[in-house]
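Below are two complexes that have chain A in common, paired first with chain B and then with chain C.
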Partner chain A sequence: MAKLVDQHDHHYCTADVISAVEFSQSGEFLATGDKGGRVVIFQREPQGEYNVYSTFQSHEPEFDYLKSLEIEEKINKIRWLPQLNSAHFLLTTNDKTIKLWKVSERDKRPEGYNLKDEEGRMKDISKITSLQVSPVLRPMDLLVEASLRRVFANAHAYHINSISINSDCETYLSADDLRINLWNLDITDRSFNIVDLKPENMEELSEVITVSEFHPHHCHLLAFSSSTGTTRLCDMRSRALCDQHAKLFEEAVDPANRSFFSEIVSSVSDVKFSHSGRYLLTRDYLSAKVWDLNMENKPVETYQVHDYLRSKLCTLYESDCIFDKFECAWNGTDSVIMTGAYNNFFRMFDRASRRDVTLEASREVCKRRAVLRPRRVCVGRKKRDSDISVDSLDFRKKILHTAWHPTDNIIAIAASNNLYIFQDRHSHHAGHHLEQDRPPQLQDAPAQ
Partner chain B sequence: MEYKVEAHRIMSISLGKIYNSRVQRGGIKLHKNLLVSLVLRSARQVYLSDYYSGVCLNTQHVEAKEWELMDSNQEKPLTPAPEESLSPSTDCNQNPEVPVVPEDPEVQHTSQAVEDSTDLHSVSSKHQAEEESSSEDSTTDVSLTSSPVTCESQCEAKGAEVSSSDCEADANPATVTEGNSQQPPKAHSCSNRKRTAEKTASNDSPVKRTKVTSSNSSEEEAEEMDTGNVSNLITIFGSSFSGLLTKESSEPEAETEDSDSGSGQICCDQMLKNLNPWSTAIVAF
Partner chain C sequence: MSACTLVSVSTVLGCHSCSRIDMFSKGTKRKFSDDGDEMLDESLAGAQVSSSYSLQRQSLLDMSLIKLQLCHMLVEPNLCRSVLIANTVRQIQEEMTHDGSWQVVTEAFCGGSQSPSERLVATEVLCRSREQDAEPKLFSVLSYEGCREEEVVADETLCSVSVSDTASNVCLSESARHCWERDELVDADRDDETCESSRLGPGDDEDDDDEDDDDEDEEVDIDEESPRDNPKTMGQVFGTFEIKNGTPGPDSALEELFSDVDASYYDLDTMLTGIQSAPKMGPYDLLDSLAPSHGPPSIGSPSSCRSDLNELDHIMEIIVGS
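Let's look at the complex of A and B:
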């Protein structure tokens, strides 16, 4: 197993690298998946901190004998179902198989059987005078169990990149490079194909699906993005096979920026509907764009995440960094968007004020209860000591996975094998805006 | 000239990525390979873009020129017509306009190269100058010599894109018997697309025929090139990008592709022995 070294010379395995981060729909739980196929679930304590709640092995490496291919156990995506009862359900997926897990608590155990006494010794049968029909439940230490409830397998010939649960809470979609399938959560032996981009002749392949997501409110609408930089909105009511899009969101490429790598850079790496359902957030390699669902020809807002990399695309291509897929996130009120970058930086953009901030997630900077100070990347000479020059950015440290609590200002940042959880100190209610003179006060909570 | 060096470098890097993807854990990543092939195609277009500036598009003229060049023992691979309106970076890290330089650096390049080496495998190229190459395609078919024709017919029978290895297998024996041949046989990659091909003729002076090909702009792979060690790398890979895809989607062609890459490997080894300066690098690859 490959050993990696983080900035403190701590050795860690590639299996420990976090590959998925997702808050539950209420925000009480936070799930992370890693390259080793493990899932760790954190629960929010009454004081506001997140502590480990459950850990289980979700996927194991498999081997496809027909194609002589190894199937990685890396968790690509995690999605929580809305909570219906005391148990919690989540979907996890690797490249080929989706699994539904039930996480439940047990804090009582049955006792008082007819043949055994309380200490577990066999009773003297001649002394039994009455029968107990129902067992007595006695309290025990809390036990959290994760049990596998469904396995949705053998439906994808290509690598699964996303799963998304429908607002109807009965169906969900899974998307691979070329196809999107619709499943019923209770039925594992069949799924419906709703999008198929596979050309008759694979030589004519020109685009692949990168991410797909259901609309948060309209159960018939889904969006999927492609490697060509387009995002499509599909309506399942209009036809069974949604290859024809209802809307196509695409911005014309600026010819001045054309290079060998234009196509790679425009490939969309993440798509997220706003909580309101009115906007789409897309992330490509250099920017994040907010689209109004009613306007297809250009985004309403474009945020440059790290435009200073535009002159370094060749180097990033060589190092494979240009293929990194950054995720993006909305805050609870859709007023701020967040996405990751390199050097363990992540960025937040306030849509109303157009203010943005760059923050760093690293052990050196993030002591408990410390307030994060904004960072800046400079292209030329440093104006301040705290500036970082583009050439000294560490491209091995990338923040690909970020998540925002559904209502509160709590964010989870995955940096390699580390999970950082930051909370807004000033306000625990939704609707906090970044103010002009005060950078956001963030503190870390214990994690992992 | 700088941009050609950069383009060539990008092509090599891209091929390396495609090659490495075949042994990566988890199988071939379709998305990444698609993007890499797009970069490869762009780089290749830039690299070849100035070959045709100033060169007459008439095939016969081209052939006559080839004869002259061959007679003078100078290699000059002729590749399809210049690309239209291509403005990728000269320096791949910047984005200035690409000046179309009406020179043929390839001549300089090959004159320095070992005579046996380089320009073996012209083969497939993807070009968007369809209107320019369409006229040449018909005439070049006539000019093929026997063994390549055999190869080509075999390849065409295959229908969809075929790896160069098949053609190499046929061309190789012919080459081996050619005592005087200065160049190893050219590899064909035959497909439903028109292609560039170079091959040696029998007997005295090797003749290179350039088949100008065109391709759909929607196609995403450029397998063989007619320049130097980059084309050698492609030969070594054996199978095409669709071979990668067929493996992944486990279509029936997968078996064919497997055998192709196998025979391609053998042919590559045979050819490698003829290549002096590049052999070490490629074997290492």
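Let's look at the complex of A and C:
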């Protein structure tokens, strides 16, 4: 296992690298998955901090004997089910297999029964004259258990990149490079294929599915994006196989600006519906775009995440960085979008004011309760000392996975093996309203 | 090869139709092959632009093909990445076909019996890479035999690279070096484990036998292919991702298990050829030539031929099974 070194010379294994971050639907829980197949769940304490709630091994490495290839245990995506009872359910997936986990608490245990008396002493067997049928429950230390409830396997010939739970809470989709399947949460031996991009002749393959998601309210609508830079909206009511899209969201590339890297750079790495269901957020290599579902030919907003990389594309192609897949997120009110970048930077864009901010997630700058200072990347000469030159960006440090609390201004940022949780300092003070004309000021909340 | 500075590749490739004069200030001085004669008719500035552009387009093509070839075969490679690289290759190929420069390439290297679009890019490029002086390379290929390292294509602002024959002389700026080295390390580790290397050098004769069997299976046999004789199709690149329909028979499953392992490793003859220093002489011939008389051999002789003899004896025992 490769040993990596972060900026403080701390050694960590590649298995510790976080590969998925997801808040639960209420925001009370935060789940992370890593390359070693483990899931760590954090719970929000009454004071507002997130502490470790449960840890379990979700996936193990496997070996495909037919192809002589390893199947990685890396967790690609985690999705929470809406909470129905006291237990919590979440879906986790690696490249090939999706699993449904139940996380439940136990704070009482059955004791006594028939062999011990009330004080715990062994009873004299010859003196037992009656049998106690119902167990006596005694309090115990809180125990959180994760148990595997369903395994959805053998449905994907290619690598799974997305899972998304339908608003009907009964079905979910799983998408790999070429196909999207629809599952019932209770049925593991059967799934329906709803999108199939596989060509007759694999030599003609020129497009793969990169992400897919269900609409938050309309259970018949789903979106999927591709490596060619298009995002399609499909309606499952119109036909069983959704290869024909209902809508196609694509922005034409100016032919004068076309280069050999245009297609790669346009490949969509993440798609997120807004909470309202009215907009789509797509992330490609250099930008993030907001689309109105009613307008297909161009986005309503385009945000340049790190346009200074445009002149570095060849080097990034050579190092494979150009294939990095950045995720994106909406805040609870759909007024701010967030996405990661290199050098442990992440960016937020306020849609109304068009103001943006670049922040850094690293141990050096993130002290407890400290307010994060905005960063700036400069192309030419530094105007301020705090500026970072493009040439000194560290491309090993990439923020691929970010998540925003469903309602509050709390964000989770994964930087290699570290998880940073930031909260809006205003949220701690009753009576202070979040000022809408400024991007939220963030301070570090302690993360485990 | 002499050291020279590189033109910013991405500046040229980023804007397809631009021809800025200031690009030349860091231009390379290169000898053109004879095939470039038609360019002398244009003005000097125009010639430098187009040849510089085509050189760098060529290097992008080469880099892309290397990326497609050098898959990390311990884990299934990323299909999205492969598709994007393949599309880039196709784009370059199309443009070169329109330019007419593709015609030049194919005529130079094949009998011209197949049309350029049918020929696979892999064949020509990897052939050409063996001819050291025809066209200088603009990017680095780490041959796993460690025999030759070439320049690294880089943006002028991010990295500056000097050309050399030894691995140690490549200088990269901090960030790029880390990117490159980390990938190298991963590559090296994984390729060590797969025990065969994708060779760009000559001498793949012994591996030719294995390829024909595998064409139908659509397995990727990057390790033992000699690109000259059996070019890899796009289908073969993506073919490894195919799910096998039906239950394969036990033989074919075994074949697939071992398909990417060089069978010659298990060839006893090859092994023995490597060990024996004088294959033409049998072990008993050697014994005869050494012993002055047919008396019993003296114990403890320091002669190195003695140890060879003992080794040969040992090997013969294994063969004969005594």
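Going forward, the second predicted complex is superposed on the first by the 426 of 448 C-alpha atoms of A that agree within 3 Å, B and C clash if a C-alpha of one lies under 4 Å from a C-alpha of the other, contacts with A are read in each partner's own complex, and residues count from 1 in each chain.
Criterion: a residue touches a chain if its C-beta (ideal position, glycine included) is under 8 Å from a C-beta of that chain, and two chains touch if they have at least 3 such contacts.
In this text, all values refer to a predicted model and were calculated from it rather than measured experimentally.
Asker: Quick one: on chain A, after the overlay, do chain B and chain C clash, or do they fit? Just give me the call.
Answerer: clash
Asker: Which partner does A:65 reach: the first (chain B), the second (chain C), both, or neither?
Answerer: The answer is second: A:65 touches chain C but not chain B.
Asker: For A:319, is the partner it touches chain B (first), chain C (second), both, or none of the two (neither)?
Answerer: second
Asker: Does chain B (first) or chain C (second) touch A:86, or do both, or does neither?
Answerer: In the superposition, A:86 contacts neither chain B nor chain C.
Asker: With both complexes superposed on chain A, which partner does A:393 reach: first (chain B), second (chain C), both or neither?
Answerer: Second partner only.
Asker: Give one of first, second, both or neither to describe whether A:159 is in contact with chain B, with chain C, with both, or with none.
Answerer: So A:159 meets both chain B and chain C here.
Asker: A:227 in the overlay: touching chain B, chain C, both, or neither? Say first, second, both or neither.
Answerer: Both partners.
Asker: If both complexes are laid over each other on chain A, which piece of chain C (23-31, 239-247 or 293-301) hits chain B?
Answerer: Among 23-31, 239-247 or 293-301, the clash with chain B belongs to 239-247.
Asker: Residue overlap on chain A between the chain B contact set and the chain C contact set?
Answerer: 64, 66-67, 69-72, 95, 157-159, 177-178, 201-203, 205-208, 210, 227, 256-261, 263-264, 267, 311-315, 317-318, 320, 323
Asker: In the complex of these two chains, what residues of chain B are touching chain A?
Answerer: Result: residues 6-7, 10, 13, 17, 25-27, 29-32, 34-35, 38-39, 42-43, 46, 87-89, 92-95, 160-161, 216, 218-221, 241-242, 245-250, 254 of chain B touch chain A.
Asker: For the complex, give me every residue of chain A touching chain B.
Answerer: 64, 66-67, 69-72, 74, 95, 157-159, 161, 177-178, 201-208, 210, 227, 255-261, 263-264, 267, 311-315, 317-318, 320, 323
Asker: State the interface residues of chain A toward chain C in the complex, per the touch definition above.
Answerer: 2, 64-72, 95, 157-159, 177-178, 201-203, 205-208, 210, 227, 256-261, 263-264, 267, 310-315, 317-321, 323, 390-396
Asker: Could you pull out which chain C residues touch chain A in their complex?
Answerer: 9-11, 13-17, 57, 60, 63, 67, 73-76, 78-81, 83-84, 86-88, 90-92, 139, 152-155, 157-159, 173-176, 178-180, 182-183, 185-186, 189, 218, 233-235, 238-244, 248, 253, 256-257, 259-260
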